[in-house]
Amino acid sequence: MARFVLSLHSAPSDHDTTQRLVKFAQACLTQGHNIDAIFLYQNGVFHASEQLDLAADELAINALWQQLHEQGIHLMLCVTAAEKRGLDINNTGVFAVAGLAEFAMLASDADKWVQFK
Amino acid sequence: MINVLVLSHHSPFDDLHIRDALDMTLIFAAVEQNISWLFSGPAVLALKKHQQPEHIGLKNYFKTIRTLEIYDVENIYVCEKSLLEYGLDKHNLLVEVKALNYQQQTQLIAQQQHIVNL
Amino acid sequence: MSTLHIFSKPLGYYNTDQLVNLIQSADKVLLLSDACFAIAQFRQLATHLLILADDAKVRDITINQPDHSLSYDDFVALTLATSHSITW
Amino acid sequence: MARFVLSLHSAPSDHDTTQRLVKFAQACLTQGHNIDAIFLYQNGVFHASEQLDLAADELAINALWQQLHEQGIHLMLCVTAAEKRGLDINNTGVFAVAGLAEFAMLASDADKWVQFK
Amino acid sequence: MSTLHIFSKPLGYYNTDQLVNLIQSADKVLLLSDACFAIAQFRQLATHLLILADDAKVRDITINQPDHSLSYDDFVALTLATSHSITW
Amino acid sequence: MINVLVLSHHSPFDDLHIRDALDMTLIFAAVEQNISWLFSGPAVLALKKHQQPEHIGLKNYFKTIRTLEIYDVENIYVCEKSLLEYGLDKHNLLVEVKALNYQQQTQLIAQQQHIVNL
C-alpha cells in the first residue's frame, strides 16, 4: 500500500479540478492506499474560506470536503500562501492551518505527490 | 445604442472565464445595447454540442448559452481558423454562429465602442 | 524510470517546444479536463495518449486506438507505475 | 472632459495590476476626467473581501481603495461574479454590491472603458 | 479609427498568430508590467511600441528609439486618442 | 534525503507564482531535502538583477531570492534557450545558476522523486 500526498493549487471557482481531486482521493482510499495529507497551496487556499457558499446547481464543494474530513483525511491549509493572499486564517473550517515545513516533511515521506490544478 | 464586443479565448472549464463572458453578453442584451461575442482559440469548444458536465457534478452552463437565441443575441462570432483547429464545423455547435476570418474580425473590432476581453 | 505528464488544458496553454523536447518515449501523457478536446494537438508529444474516461465522456469525446481510456482507479495505478508525475 | 469606467479582473494577489489601476485612476482625476465607476469583475471581486489583510511590506491595497472611496469614486462589486465565487456579499467594505445591469448601463454611457488585468 | 492594444505579460502568454493578423498599422501597442521585458518579442506586432515608464524602470529596462516611454498621464491621453482599447 | 524539483515558468509578476515557488524551495532546503529549482520561459526574468518593485509599492521578493545562497540552495537551474530568448546571460542574474539544455533538463527530471510545478 502506497502513501500519497495530494496538493490543490486552483481556486474554488475551478470546480472541475476540485471534483477530480476528490474522485482521485476516493479511488486511492478504495484501493487501500494512505493519503497522508491534502494540502491547499497557491490559490487553492481559498477553499478554506468560510464564506464559500455556492448555488444549489453548482458543485457541492463544502460537502465534498466535509466528507473527506469525516473519512479521516488530514486536510491542510498553507499558512504562508494564505497570508500572502490576505485570507483569514482564524476561520478555516475543516482545514488545519499548517506551515509549509509540515507539508514538506509529509511530502518527503510520501511515495507519491500528485498535484491538482 | 452602442456596439460592445465580448472576446473569449479560454477553454470551457478554465476557471469561470466563459461563464463570466456569457453573463456579460446576456446583460448587455438585456440593457438593449448591440452586443457581439467573438470566440477564438479553445473558447470555440464552449459552443460544442452534447456536453453534459452535470454528470461529474458541474453546472451545465451550455444550456444558458442556448438562451442567447431567446434573448435575441444574434451576433455570435467564431474564429474560422479556431473551428478548424478543433475539428468543429458550424453544425457541431449549440447556437447559430458566423465564422469570421481575421480580416472580418478586424472589421468587427473596428465597429465597436467598447471591447471587453473576459 | 518514466515520468507521468498530466495536462488539463489544450496544448496552446503550454510551452510546446519545451514539452516536445522533455517528454521521453517511455513517459506517459495523460489528458484530463479540457485537454481531452485536444487529442490531435497532443499527438506530437506521445504515440499513445491516456485520457480520463469521465472527462472525455462529459465532453462527448470518443477515444479510439491507439489511445487509451482510463478510470480513476487506472489513474491512481498509473501514478504508482511511473517514477513521478508533473502536472503541467 | 471624458467619462471613464474602469474594470478590475484580477485577484488581490495580483498587486501589480492593482497599483496600476489606482495610478491610472488618479491620473484621470488629475486631468479633470470623470470616473463613473470602478467595477470589480471576475476574480477582481475578491478585493471586496473584508478578510483582506496583508503584511506591512506588501502593497497597501486597503488604503488605496479607501482613498479612492474618499475621493468620491463609485466602487462597485459585481454580485453575479461574487456569488459564483462564493464571496460573502454582506460584508464588502467600501465596495457597493451592484448588478451587472447597473454596470452595463454606466459602461454604455461612458466614453471609455479600460480593463485592468 | 484605431485600437489600443494593451499587454502585461510576455508574448508567449497570448495567441501570437491572432495578434499578428488583427493588429493594424494605425493601431497602438502598449506594454505594461512583465510585457516590458519582451520588447523584442512584441516588435513583430508594431514598429513603434509604447511602454509604461514606471513599469520599465522598476525592471531596469531602458527604452530606446523607435519605442516611446509613457507616463500615466500619457496612458490616459492614449485611451482618449484611440477609438477603444483591448486589454489582452 | 530525497530529490525534489520545483518548476517555474510564469513571469515575475504573474500573480504569486514565483513567490510561491520560492517559499517551497526554501522550505525543502530547511527540512534538509535535496531541492532543485528550474526556471523556464519568462520565469528566468525573476532572476534578472537590479529590479526595484518597491518603487511602485510592490514587495521586493528578489531580495529573498538572493537568500537562497545563504540557505545553501545550490541547485538553481535555468533553461539555456529561455535565457537566450530574453537576452540574458548568467552575469545578469541575481544568483549563481547552471544553464541547462533540454537533454540536461531531462536528466534532472529523471533524478527526482517529486516534481512540483508552481
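Order as written gives the chain letters A, B, C, D, E and F; numbering starts at 1 within each chain.
Keep in mind that, in the parts below, a residue touches a chain if its C-beta (ideal position, glycine included) is under 8 Å from a C-beta of that chain, and two chains touch if they have at least 3 such contacts.
The chain lineup, named per UniProt: A, D = Sulfurtransferase complex subunit TusD; B, F = Sulfurtransferase complex subunit TusC.
Being a predicted model, the structure only gives us computed values, none of them experimental.
Chains that touch both subunit B and subunit D: A, E.
Averaging Cα atoms per chain gives one point for each, and the point farthest from that of subunit F is the centre of B.
By number of C-beta pairs in contact, A-F leads over the other of C-F and A-F.
Comparing the centres of all chains, each the average of its CA atoms, the largest separation from subunit E belongs to A. One finds 33 Å separating the Cα centroids of subunit D and subunit F. Here the CA centre of subunit C is 39 Å from the CA centre of subunit D.
Between the Cα centres of subunit A and subunit C there is a gap of 23 Å. Listed for subunit C are residues 12, 15, 33, 54-55, 84-85, 87, each touching two or more other chains.
Across the assembly, subunit A contributes 11, 13, 16, 43, 55, 58, 84-85, 113, 115, 117 as residues in contact with two or more other chains.
Shared interface positions of subunit B, i.e. residues touching 2 or more other chains, are given as 13, 15-16, 41, 53, 56, 58, 114, 117. Under the contact rule stated at the top, the pairs of chains that touch are A-B, A-C, A-D, A-F, B-C, B-D, B-E, C-F, D-E, D-F, E-F.
Interface residues of subunit D, counted against subunit F in their complex, comprise 10-11, 13-16, 19, 55, 57-60. Chain contact summary for the complex, subunit A toward subunit C: residues 2, 4, 16-17, 20, 23-24, 26-28, 30-31, 33, 111-117.
Residues 2, 4, 15-17, 19-20, 23-24, 27-28, 30-31, 33, 114, 116-118 of subunit F touch subunit A in their complex.
Chain contact summary for the complex, subunit C toward subunit A: residues 6, 8, 32-33, 52, 54-55, 71-73, 75-77, 79-80, 84-85, 87. Within the complex formed with subunit D, the residues of subunit F that make contact are 13, 15-16, 53, 56-59.
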